[in-house]
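Note that chain A is present in both complexes that follow, paired respectively with chain B and with chain C.
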Partner chain A sequence: MPNLTIDGVTVEVEEGAYILQAAQKAGVHIPTLCQFDGLEPWGGCRLCVVDLWRPGWDPDWFKMVTACNHPAEDGVKVFTSTPRVLETRRVVLDLLLARCPETALIRRLAAEHGLPATTFVRNPEPTDCILCALCTRVCDHIGVSAISSVNRGVGREIAPPFHQPPPDCIGCLACAEVCPTDCIPFTSSDRQRTIWGQDFEMLRCSQCGRAHITVAQADHWAARTGVPRSYYETCDVCKRLHHAEVFARLTAGG
Partner chain B sequence: MEMIYKVSVGRCIACGKCELACAFAHGSEGRPARTRINILRRGVELGTPVVCLQCHDAACVAVCPTEALVRNQRTGAVDMVRERCIQCRMCVAACPFGNMLWDPVYNCVQKCDLCGGEPRCVPFCPTGALTYVPAEEAAVRPEPLDRSVLAGDGR
Partner chain C sequence: MRVDSKAAFERLQATARERAGAHKAEVLVCCGTGCLAKGSKGVAEAFAGEVESRGLGVSVGLNVKSTGCHGFCERGPLVALRPSGILYTQVKPTQVAEILEQTVVGGKVIPRLLYKNPVDGTRVEQYAEVPFYKHQTRVAMRNIGRIDPTDLLDAVAEGAYAGLAKALFEMTPEQVIEEVATAGLRGRGGAGFNTARKWRSARRAEGDRKFVLCNGDEGDPGAFKDRSIMEGDPHSVIEGMIIGAYAVGAHEGYVYVRDEYPLAVVNLTIALSQARAHGLLGQNILGTGFDYDIRISRGGGAFVCGESSALMRSLEGKTGEPRAKYVHSTDKGLFDSPTVLNNVETWADVGAIILHGGSWFAAMGTPKSKGTKAFSLVGKVKNTGLIELPMGTTLRHIIFDIGGGILNDRPFKAVQTGGPSGGCVPEGLLDLPVDFEKLTEAGSMMGSGGMIVMDDRTCMVDVARYFLNFLVEESCGKCVPCREGLKQMLAIFDDLVAGRGREGDIARIERLASAMQLGSLCELGKSAPNPVLSTLRYFRDEYEAHIVRKACPAGICRELTAYEIVPEDCDGCHACFKACPVNAITGTVKELHMIHQDVCISCGACFDVCPTQAIRTLPKAELAGREVS
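Showing the complex of A and B:
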């Protein structure tokens, strides 16, 4: 198992772990924006940059890598807050703050890095989307891929194909739930759910009529996992009641 | 040694001590209405404890989009990893027993994790309706409870 040093703290991590996990184990905080434990690391936000030194290198020679997706190799030394690391993070946050000047998460992180306001030109049309791609990655991960990033450079954004209601979307709200800045709008009621301009019919409990997921969600997950569709057709409260009644009957007298 | 969490429905007197133990063990500030074990009260001193069955081929694990539900190899329980959960509630919809409990206060699902291999409800159960026993003992039919000593008439 690889042994490495993070800011002077030596840790041993599992084979295949990344530097970020090693840092967590060492008790060293590295800021992140596009990292989510349930998804593969992506290295998109560039906030988790660290300096890396490998045995055999000149003592003053370092390589800057993203901690989230760089393997924790044996013998390396990692430095998470050298002046050039902090300066790189500050530029990343400065640019994000220019793009998203009103976003609480970015403002807080920027303030923590000594940036009360952006030094670049403030985006005349402020957005909350930081392009971390967590939404598109979670959508890919569940096998739907209804949204993706479109265009390049300053015109880059997250959108469904051709800005039309996405036919593949199942209305699961995973994108909206995982979004660190809550910038994906949706509405959801007992009758209908709307996200990305698409309306979804809700699946109602066969016993009590309460809606819990969309019909498209039930179809998708039944086909993807083999969990029978009938499991979704009753709400959790009615299922629990039924389960308790069956148990009481089966064990009557015992 | 594989341990099994065993529920003997016939021995439950619906006293609710397991619910209280659970509420306090899991940082729910003693809210018995939001515990991971619930008693369906069927009559005077008659109850059915309802708790996660830790299914081997679990529907909740199959539908979790972010691998937030993982089998704990040591305890055999399905654990919920809070950092990975995106609150999509597919597990709540998929569990055929209705045992994934949505907690609107903490905005996450609550599920039994066998307290990491030492279920806190077990020592509080006064009648042995809840036990944590080696796998080979789990199939032994429980002794019927002598209900003549109880206050109610057990109907």
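Showing the complex of A and C:
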């Protein structure tokens, strides 16, 4: 198991862990924006840059890497707040602040790094989307891929195909929930849910009658997992209640 | 004919040579993209028609061949004659009959069709004596212009696949890798990574499925060497890839070609099917039991897809975006399998290295950069085109001896190498021997071998802005420093060229550049500030002039530059009057002309046409104090 030091703290981590996990274990905070436990690291926001030193390198030679996706290797030393790391992070936040001058999360992070306002040209059309791609990645991850990034460079944005209501969307809201700046709008009621311009019929729990997921979600999960659709027709709360009752009976009987 | 043994391959070679030797004379018509654009298809057809109707095929044993790019596109359509070695330039279909009568049959040279040396005005008869060709050493491009790229036998007659036969029949995969190591071959795509090391890692990597790929996604502005190689000698690329696959133990491969290279796709497709039909590719290659096949994948023309990890994602059918390369492609590349990706030119070198030996290749070049390198020489030089030279050749030799010097004999200012990842090398470094290390030390890089020569009528701030503009369009946009950084950098440059530069702009540029270099995800982002930093390093005074004096010293930036006529030099030729697109110039023939500043848009058209250099540029700021004329 790899043994490494983070800002002088020695930690041992699981094989296959990344520097970010090692830092968490060492109690060292590294800021992130496009990282989400359970999704493959992506390395797009560049906020988690750190300086890395490998045994055998000149003592004053470091490589700047992203902590989220760089393997935690045995014997390396990681420095999370060298002047150039902090400066690079500051420029990244400065750039994001120029793009998203009104976004609370970015403003807070920028302020924490000593940036009350951007030093760059402020985006005349402020957006909350930082293009971290968490939404598209989670959508890919659950096997839906209803939305994606479109265009490249400065024209890059997140959108459904051809900017039309996405036919593959199941209305699960995973994209909206994972979004760090809450910039994906949706509405949800007992009857209907709307996201990405697409309306979804809600499915009512067979036990309590609460509208818990969309019909499309039940169809998708049943098809994807092979579990009978009826399993998804009961809400999680009722499933738990049911199990609790079973346990109660068993323990009472024992 | 399927070749299934060493003897059978030797028979194929003999057949090919015999067929080639049957022609007593040959007309080689360049049908590379450049010459085709200038009408060489018509020339080739005219030759074929005339030879047919005159029966010259039988009477003088004449063969007409359409070849790949000879490199000297500027003078196209090019026609070379064998065995006389005569080169005719800018040939028109109407001149074909004359060439056949006078030169091929009559043995007389037609002086007006010969290349005219722009340096001294003399006509050069022999192909090999044209300064553009005289100084070249061709390895990767060894057969281009000599063979018909759509004819496998023609390539075999010139030595194609001999290196492959040697590798498969006489060498172990390890020996192949050692030979490439001896050659000191480094990646010709720009980064210059040691090829043998890459192959060794992929060979050692665990996995049943391995890939050997070719990067034909050449996208630097002004670079076209890979296109010419794929068009003119696709067999050299295929041969190299098969040898590479044998060395690393791969059985599948792709050539990733940008879709803007249609002729390369056509010629590669033909070459692949011919190689397969002859048993040189596919199952049981040359009867040795080794399997390897190649497919073509056409890229959509995104610059970023030339980056290795983005290229592989694109091949997988995903969006072409780079990923972190903390795990190397040789361990986990295409479809997470061990993968070797080399550039077109690198592959084209491999066959020759195996055939002639690693030390033969290593004898050329510099201590750390061996062999030869192809360059696309473009911009303000007299002879533009595609060249191949030993590493270590000086920039001066390339620009002044091969390139013939600067167009219109203006002063040389800088040469841009390495495309958007490279930089500008100034006059003071003209004696720099060109290799991977020296270019990097100079703040530029080898890149795809593009060399854009610039004269004194080039504003270096404007050049940096041009590359920023390119990169803003071509950045994939995945990571923040590259996507947002380029946008902000361009905003600063838009201000500089428009006279809105502020104190502190240079510091702002440097801060941003440093964060992009350190923080970007891929090498394209990390190297994106190079055009800015290299011009800042060598031409800082020009930046300062833009910021402080609101002046463009080169007289290029329109918002900052005014044009005026120097009365004593104007002979009233009226050329400027005709050239001006907005009628800002008044004057009658043989009289002094005048530019009306209120109408002038500072396009510089008058400046470029004036035969007496009577037009000068001045900072617009200086006009302010004058009375309006």
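Just a few scattered comments:
Here, the second predicted complex is superposed on the first by the 229 of 254 C-alpha atoms of A that agree within 3 Å, B and C clash if a C-alpha of one lies under 4 Å from a C-alpha of the other, contacts with A are read in each partner's own complex, and residues count from 1 in each chain.
Here, contacts are C-beta pairs under 8 Å (C-beta built on N, C-alpha and C of every residue); 3 or more make two chains touch, one makes a residue touch a chain.
Note that the coordinates shown come from a computational prediction; the quantities given were computed from them, not determined experimentally.
Shared-chain residue A:E177: touches chain B; no touch with chain C.
Once chain A of one complex is fitted onto chain A of the other, the partner contacts of A:V11 are absent, as it touches neither chain B nor chain C.
In the superposition on chain A, contact is made by A:G226 with chain B only, not with chain C. Applying the stated contact rule after C-alpha superposition, one finds that A:L109 touches neither chain B nor chain C. Touch criterion met: A:I213 reaches chain B, while chain C stays clear of it.
Looking at the shared chain after the overlay, A:H243 reaches chain B, while chain C stays out of its contact range.
Shared contact residues of chain A, touching chain B in one structure and chain C in the other, are absent. If you check the complex, the residues on chain C that touch chain A are 302, 304, 319, 323-324, 326-327, 471-481, 483-488, 491, 508, 511-512, 514-515, 518-521. Interface residues of chain A facing chain C in the complex, by the touch rule stated above, are 43-47, 49, 64-66, 69-71, 84, 87-88, 91-92, 95-96, 98-99, 119-121, 130-131, 133, 148-149, 151-156. The touching residues of chain A, when paired with chain B in their complex, are 36-39, 138, 141-142, 172-174, 177-178, 212-213, 217-218, 221, 225-227, 231-232, 234-245, 247-248, 251-254. Put simply, chain B touches chain A in their complex at residues 7-10, 38, 40, 42, 48, 50, 59, 62-63, 65-68, 81, 83-90, 92-102, 141-142, 144.
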